[in-house]
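Sharing a structure, written as structure tokens. Questions coming.
Chain IDs A, B, C and D follow the sequence of writing; residue 1 opens each chain.
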Amino acid sequence: MNLLLTIIALITLASAVAAICLRNLVHCVLCLTLSFAGIALTYLELSAEFVGFAQVMVYIGAVTILVLFALLMTRGGKELHLRSWNPGHWLTGLGAGLGTLGVLLVGIFHSKLREVTPLDTKDESVHALGNSLLDTYVLPMEALAVLLTVALIGAALLAMPERSRPGQTFRKVSSTKEGPVKD
Amino acid sequence: MHTLTPYLLLSAGLFCTGLIGVMLRRNAIILLASIELMLNAANINFVAFWRFHPSSEDVSGLVMVLFTIAIAAAEAAVGLALVISIYRHYRTTNPDTLNELKG
Amino acid sequence: MIGKGIAKGMVETARNLVGSYHESERMVTVEYPEQKIPAKESARNFPFLVYDGDDWQTGLRCVSCQICEKECPPQCIYIEKDTEKKPDFLGKPQFQPKIFDIDVSVCMGCQICVEVCPFESIRMDREFEYAGTDRFNDMLFTKENLAKSNSYYHQIHPTEATETDGIREDKRQAHLLKERAKAEKLAKAKKEAMEKKAGASSTD
Amino acid sequence: MWFEELLISIKASMVLLAPEMVRPLVSALLSSMPILMSFGGLFAMVTLLERKMLGRIQNRLGPNRVGPFGLFQPVADGIKMLTKEDIVPHSADHLIHFLAPLILLVSAMLGLSVIPFGQKLVAVELEAGILFFFAVGGAAELAVFMAGWSSRNKYALLGALRAIAQMISYEIPLILSSIGVLMAAGSLSLVEVVQAQAGGMHAWYIWTPWGFLGCILFLIATLAEVNRSPFDIPEAESELIAGHMTEYSGFKYAVFFLAEFVAMFAMCALTATLFLGGYHAPLPILSFIPGPFWLFLKLILLVLLFIWIRGTMPRLRADQLMEFAWKFMLPMSMANLVATGLWIALDGGVLGWILSAILNGAAYFGWSHLLSRASGVKPRVYQYADDPQTHA
């Protein structure tokens, strides 16, 4: 067993568990960040440099910050951290989670793949990655670019505060019961 | 030389942690974060399978991971924007209380 | 066009940067403890007590009337009257302060005490380099520290000191005139009394 | 060359002295020690230089009390900082409050590890070096958030949120303006980027139209990324006390300060590497002088430029900052990318040079004209103060 990988995996799992258990939501997100960092380290351990750095950049640099901003904008720190005690909910949740884990474990330990040994050197050149992105996968990449643009604009539009137009306010006021009383 | 098993175990653990988080947390933002965790668990598998693939030229696994990361980022952006606009309307981020469409 | 103003500003600061090395008139800084700009005559900060003559205790002008104590906005003056009196510059017996304290850490240098003092006793100093390690006692000036001679006053604020001396001289003249008138009146009265007495005796 | 080889052989012989087990560790340590030490020293020097230069710009003398010409001022500052009481607010989140400055410093220092300081003088040679640089730079945002949030202070939180918004917004033009260089060099590795600019000053990317515009955009984005004036809104004293550093004192504050400067050095080193030929001498005759010297010279010149800008410009307003990032920097860096593509497609010939210059110039003049028309800002009319134009 690889010592480095064991440490990374334990940190990643522990911080992921902490992320869904802690009471303070900001602590949750910070633990989640640690978990993302652990995943990035796993990628590096698998000698996938580019993807590892992309993981750090996107998840730690952007997604976590986005989640934190959203938390602060919704005053999330005050809410209860778990569902209220409802045995049905809890049993379903834990049962589904642990059941999936069991199924996955059974699958993993019965798979033939687990005895595969890796190549000693893997040609993880950024050149190869770039070439295949612009060659084999050029259409998905273009689609992805469109998706990202749409997501950017859509998110900005969704999160923008709704401004009431001048004509609207009048109608709003007159339609309510507490509207101005006319002589 | 190590084998594929630890990566698969890590991935399974992370996936189930994310799943339990989705099931049990009552804040929409943490739900989204848990979904991110599940996507990442899948990504670990992609990278691990790429590393253990016998061919040395094929980089499909990495390309998939890049796509997943991009889609996850877009998903997080749109999801959080939705949560914020929902919060503006209903003053809550608890998905249980957003039941106006219930029959 | 974006960036034009920025370039202009950069040139200006660069001119300052280079110019400060060879144009001495640019540098307005004085290296303070070694060099000092001579104080202006109107410079003032904290009050002090003026005394005449050489001995500060006998020459102190203050008669502890306590007007300054009442008028002081931040109330930094504390005065206690002495039971014994001493003659002032006109020779009249006047009260003197037993304690006269100014807390200069509280004083704001407003000069109201100077304006209200009817005896030209309290005036503004221009000494400002005070420092102490004790917050309360080191900045509390007693009358020993506060008493400064009239010649010192002349030295720091010559115009104002001459003016003050003029006022005091007028007062002395007025006092002398009054004394003389009083003496004359007294003499006259005496004389009249004498004459009356003499007249009365003569009629007898 | 001789200098670099000397350093490498010294390191190799020192590694051999260590026992077999710890050799990788010793090697890593020996690679990172010179970087840490030299940038620590540079930090001390630059704090003094900055104060001196700002003083001269304002026609003052600057610090001159401690030692000859105030040379020991950094020492005095250091002693003052280290002996100060370390205050942690009562309701602060102690662990996060403690970790934030460390993460900030580490993320700033890590960026330096991929900068090539000379031929073969690079702490970690990565194939995706520049991606690593930007990735660890992203951790700085998290550290700033941790500092601001854990302090339980509204100024700290507001400052942190402003800082993060600013850093994220400017990261986009920062990366986009550096992509041109990567396209031209054909690599993500900083070592190869520098090697592509070998052979004297004419090969530096700053002399191409896209490189020139890219360099300016990169420098502006760098200013915002490291919270330097005029983009120091997160630390605007007049409104936010010290932003996310409000509740820090003593050593932790010094660490913040150090991290800020090291981030600035790292960014300047990256600018020098990307656009100014890295460790290469400006003329081939001068290449007997070792590479690190040239890199540090370029770095210090860039730092001087930053100080000069700080002495010149007032702080922007928060909305102006965002508008500048999204309305000016982003379109300009996009146009720059197109110009780069044009230049590369024409193999960097004279025609390519002219065409990309025309494209960039048209983008700059056209866009800034449109922007200033759309903003409706007219030349300022002085109602009461004297118009400087009439008296000039």
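Everything below uses one rule, namely that a residue touches a chain if its C-beta (ideal position, glycine included) is under 8 Å from a C-beta of that chain, and two chains touch if they have at least 3 such contacts.
What you are looking at is a predicted structure, and each value in this text was computed from that prediction instead of being measured.
Novice: When the C-alpha atoms of subunit B and subunit D are each averaged to a single point, how far apart are the two points in Å?
Specialist: 34
Novice: In whole angstrom, what separates the CA-based centres of subunit B and subunit C?
Specialist: Chain centres of subunit B and subunit C, defined by C-alpha means, are spaced 81 Å apart.
Novice: When the C-alpha atoms of subunit A and subunit B are each averaged to a single point, how far apart are the two points in Å?
Specialist: 5
Novice: Between subunit A and subunit D, what is the gap in Å from one C-alpha centre to the other?
Specialist: Computed value for the inter-centroid distance: 30 Å.
Novice: Do you know which subunit A residues sit against two or more other chains?
Specialist: Correct list: 50, 54, 62, 69.
Novice: Quick check of your reading of the touch definition: is the inter-chain graph here a line, ring, star, complete or other?
Specialist: Basically the chains just string along in a line.
Novice: Would you mind giving me the full set of chain pairs in touch?
Specialist: Listed by label, chains in contact pair as A-B, A-D, C-D.
Novice: Using the touch rule from the top, collect the residues of subunit D that touch subunit C in their complex.
Specialist: Those residues of subunit D that touch subunit C are 53, 56-61, 64, 308-309, 311-313, 328, 365, 368-369, 371-372.
Novice: Within the complex, which stretch of subunit A touches subunit B?
Specialist: 1-2, 5-6, 9, 12-13, 16-17, 19-20, 25, 28-29, 32, 35-36, 39, 42-43, 46-48, 50-51, 54-55, 58-59, 62-63, 66-67, 69-71, 73-74, 76, 79-83, 89-90, 92-94, 96-98, 100-101, 104-105, 108, 111, 113-119, 121-124, 128-129, 132-133, 136-137, 140-141, 144, 147-148, 151-152, 154-156, 158-159, 161-162
Novice: Give the list of subunit B residues in touch with subunit A in this complex.
Specialist: Interface residues on the subunit B side: 1-10, 12-21, 23-27, 29-30, 32-34, 36-37, 40, 43-44, 47-48, 50-52, 54, 56-57, 59-60, 62-63, 65-67, 69-78, 80-85, 87-88, 93-94, 96.
Novice: Which bits of subunit D are touching subunit A when the two form their complex?
Specialist: 96, 126-128, 131-132, 134-139, 141-142, 145-146, 149, 157, 161, 164, 168, 171, 187-188
Novice: Help me check something: in the complex, which residues belonging to subunit A touch subunit D?
Specialist: 26, 30, 33, 49-50, 53-54, 56-57, 60-62, 64-65, 68-69, 72, 125-126
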